[in-house]
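Supplied in C-alpha cells, the structure appears directly below.
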C-alpha cells in the first residue's frame, strides 16, 4: 500500500485505555485562553515521567462556549486515581491564576464525574451562580472574579495511538511530522501531547544494560545504529524518523487522527516510509491497523 | 512618587531565596527550541502547587550558543532537594523528546553543580564527545542523536520579586500588566513564571475559614470585596489588579526587572496605581523598595 | 436593545459592492502557507490609500485543499479594473516567492473568471499538469517547482460592513474589538483587513479645512473632541472607540460576521456601547440594521 | 573553504544602492506594535513588482523607544523619488489605522530628511507637542490620539545582499534557510523582505523566450532543469536551493548578516553547499565575497 508514492507498513499501532477529562477554558480574548491552556498542558508529554498527558484539543468560537467568550478545549489524560489531583493542581495553579479565565466541563454528558472543589480558595467569599446554564462558583480574586464549574465528566479513552514518519533525512522526516500535526489539529477529540506534537526519541520499556531505569532508547528504530543492532527495523535509505503519539476520547477519533496525519505526512517531499509502533499486543487492547485506516 | 502620573506606593516587595538552574536548549531552528522550552516550563507557575517554578529567560542567537544553533534559555527554580528531580524529569520528558534539541548548562561558572545523568537512556549505545568546548553525551534516538551536558550549575537566587498593576477597570490593569511583561522580557536573568507572565489571583498563606487549605484568596486586595472586608487595601477607584511575580538569578536583575516593568505599566492608559506585596518581612530576606528602585 | 447589558444603537452599517477573489495557498506546513498569506495580504487595509483590501479568510485542513496539503484562504477585494493587476502582483511577488507554496482558485463555481498568467515566469520550461482535478502550471524554480492555477473566479461581494466598539476607556474598547475579531475569525467568507483586524482611526470623506485631501478624521466620533465639536456623536461616558470593518463574499456572511463580532465584544468588561457607521445611504446599497441582525 | 563540513563557494554577492527609512512604531503592547509593523511591511518583497521593499528590523524594549512603550523598528527601502509616497501611504494606511500606535523617526542623525505630512488628517484639530524630546503631531482619532513625527531621516544603504542555501533535498534547504533567518534576526540594521525571510524562486533579469516580461526563472539554478539546461550551476547532489536576500543600512551590517546567516545554515543537516548571486558586476557596486566575510 502506498500514499503519494510512500509505502505504508502493513502493521498496527497498539494503544491502551486512559481516563480523560476535557476542560473548556474561556477568557476575554482567544490569546488569554490560549496562554492558560499552554501553561496547564505543559510538563505533560508522557505518563512515564510526567504526572499526566495533556494537550490542546481545539480552539472554540465564542458561539460554542458556555459564557459566549473565546475558548480553548484541553484534554487531561491520567489513571483514574491520579486524574482528580491533576485537575485540581492544573486548574488551580495554571488556569485560576491566568488573567480573565473561566473553566467549564467539556464532557457534560459523561456518566462518570470527578469533583474538583476549588471554591475553598474564596475563603468564604465565594458564591454560586449560573452561567450559560451551568452551576458555577464565583470566587473573588485580585483581578475581579473567577468563574468555574467544579464537576468534570471523565471518559475511558485511548492513549498511545501512534505512527512513525520516516525520511531520507532528518529535516524531511521533521517536516513530514509537522504536516501531520497540522492536519491532526483539525480533528476533534484528540491531542498530540509531545513538544510541538512530535516525539523525537521513542522508547522501549526497560533497558537491556541498565536495569534501574524504566525506559530506554528503542535501538531497533535508531538510524545511527542500523548497522550495529541485529534485527534493526530501520528500512534502507531512512536516516531519521519521528513519532506522532495521539490520545483521544474514543477509538474512532484516534483512528481518524492517525489517517489524517499519515495522509498529510505523505505529501512532504523526502518522507519515504510510514509505520507504527506496537508491542505485539502486550501493551493494550486497541489495535489500529494502518491499511484498514487508510 | 509618580511615574507618568501614576502614584507609586511607598512599600516594598518581599522575596525569598530559591535555587535556580539555567538550561540552554538549542535546536535546528528557533521555533523548535522554543517548542521544547514551552513544554519544559509548563505546569510551573508557583512552588505552592506546582513541582517547581520555571519560565523562558531569553532567546539566544546562534552566535551565543555552544553549538552555533538557535537557542532558548530557561530557568528552573526549586528547593535544593527538589531541583535535581525536576531537571531530570523536565529535560528527560520535555526536551530529549523534542525534535532536534540539544541541552547545555547555562551557568557554567556556578560553584555548585547538579548531576543530571540522562545518558542511561542510550542503553549502552551512548558515547561521549565534545561540542563547543563542552563535554556532552550523544545518545542515539529515533530521529538521530540527542546531545546533552549532564552537569548543571545552580545558584541561590531570588523568588517572589513582585509588583501590583492596578487599573480603573480590568482591561486597563491587564494591558498594563502585559506591557510590564513585554518590557521584562528584555531583562537578563529573570522569568515571570505565571501564565503569560501575569497573576490574576494573588493569594495569602492559609485561610481564615477553611483550615485545611494552604493558601486562599487575598481578600484585602479583592476589588469586589472592597466594601465588605474591613481594612481593604484596594485604593478608591481601582476595580482590578494583576500581579507580576519575578524570579531571578540575583537581587540586581530582579530589581532591574521590577523597575523596567513598573515603568512600562505606567505608560498604559487606565493604570492608576502601583504597589507591591510583602508579609511584613516574615516571608523572606529580600526587600525591594519601590521608591528606591525607580 | 441590549446584549449583556450593553446598549446597541438603533442604526445601520452602510456597505458597498466590491469584486472579490478567493485564493487558496497551500504549502508544506500550515506555517509556510500562513507566511505567504501574511505577505500577500499586507499593505491592504483600505481601498482609499492601498491598492486593494485583503486579508486571511480561514485556515484550511489538508483534507480541504486541492493538493492535500495545509492551506490558508485569502480574499482580495478591489474594483473590477484593478483586481487582475493585484492578483498578478500579489501572487507573483508574495506567493510564488514563498517557500513550497501552490495556489488554487478558491471560487471555482464563480461565473466570472480572471486570467492570471504567471507561467511566463517559467521562460519556456513550464508545463501543464493536473493536481486535485485542477489544471495547473508547474514552473521550475530554484527550490523545486511552483504549482499554480491561472484562472480565478471573482464575485461581486460586499465591502465596508462595520460596527463601532465603544468603551469607558481605551483598553476596554480595544479588548472588546479584539474579542470581536477573534469571534469573526470563525465565520466563513469574510475578512477584517485592517491591522490585527481593527481600525483605530475611522475617517470621513474629504476634509472641512484641507480641501486637497481625500479623507480626514471623523471628528464627530473623536472622544477628545466631544466638548469641542458641535453635534458630537460620542455618547456620554465613552472615552475611546474602535471600528471593525468587514468585507465578505455576500450579504449573509457579512451580516453573520457583524452579529458574531458584536455579541463577543459585548462580553468584554468596560465595553459600553455598540454602534455602526453609515453615510445616510449615499455610500452604498447595503444596509445592515443592527437590531435586525442581533 | 568549509563550515561544519559544508563547502562555501568562492564567489560574491552583488548588491546595489537603495534609499532606506527606519520607522519606529510603538504601541500599548509589543503585540500591537508588531501587528502594525506586519501590515506596513506587507506586499513589499522585491522592488521589481512591489512598490518598495520592507521588513521588520528589530523588536525594541520600552527602554529604547522615545515614548517608553514597546516598539518595533521597520525598514522601508525604495528609490529616492518613490520613498516619500511609500512612507505616506504605509504610515497613513497601516500604522495610523492600527490600535494605539505612535510613529518616530528611527534615523534621527541622518543628514537627508523626508517630510511626511500626515497631520492634515486631523482636519484642523491636530496640534503639536513634544514626546521624548521629539516634536510630534497629536491627531484626534476615534480611539483617542495618534502621535507621530513628520520628518524621517533616510540613508543610502545596500539592497540585494544575498546567499543561496543548497540542500540534498527541499526540506533540508528550507530548514537551513530558516536557521539563517533566525540568526539574521539578531543583527541590527537589516531586513529580509521576502515571505518568512526566504526566496523560493530567484529570478534573472528579462526572459529568453517571452520578451514582454521583466524577470523570469533563473533556469541555471533550477534543480529540476539540471540535465536540460546547458551550463547549469546546480551542483551535483543538490535538489533544492533557497535564497536569502538582505537589505541593510550599510555594507557592514549586510556583511555581518550574511556571515551570521551562512554560519547558521551550515549547522542544519542536509545543507550541502552555500553560494551567492551576482551578475558579473553589472548590477551594482557592492561585492560581498563569501570567503572574506566568513
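Going by the order they are written in, the chains are A, B, C and D; count residues from 1 in each one.
Following the convention adopted for this analysis, a contact is a pair of C-beta atoms (placed from the backbone, for glycine too) under 8 Å apart; a residue touches a chain by one contact, two chains touch by 3 or more.
Owing to the predicted nature of the structure, the values given are computational and were not obtained by experimental measurement.
Trainee: Work out the mean Cα position per chain and let me know which chain is farthest from subunit D.
Mentor: Chain A.
Trainee: Once you count every C-beta pair in contact for both, which comes out on top, A-C or B-C?
Mentor: Ranking A-C and B-C by C-beta contacts puts A-C first.
Trainee: CA centre of subunit A versus CA centre of subunit B: separation in Å?
Mentor: So the centre of subunit A lies 25 Å away from the centre of subunit B.
Trainee: Could you grab the centroid distance between subunit B and subunit C? Build each centroid from C-alpha atoms only and quote it in angstrom.
Mentor: Distance between chain centres: 39 Å.
Trainee: What's the distance between the Cα centroids of subunit A and subunit C, rounded to whole Å?
Mentor: Each chain's C-alpha centroid was found; their separation is 34 Å.
Trainee: Please set out, as single numbers or ranges, the residues of subunit A touching at least two other chains.
Mentor: Subunit A, residues with two or more chain partners: 28, 144, 170-171, 174-175, 268-269.
Trainee: Help me check something: in the complex, which residues belonging to subunit D touch subunit A?
Mentor: Residues of subunit D touching subunit A: 167-172, 174-175, 268-270.
Trainee: Which of the residues in subunit D end up touching subunit B in this complex?
Mentor: 4, 28-31, 61-63, 67-70, 144, 175, 178-179, 182-183, 186, 260, 263-264, 267-269
Trainee: Would you mind writing out the residues of subunit A in touch with subunit B in their complex?
Mentor: Residues 28, 32, 35-36, 38-46, 48-51, 89-90, 92-101, 120-125, 139-146, 164, 170-171, 173-174, 177, 194-196, 198-203, 207-210, 212-213, 215-219, 221-225, 228, 239-243 of subunit A touch subunit B in their complex.
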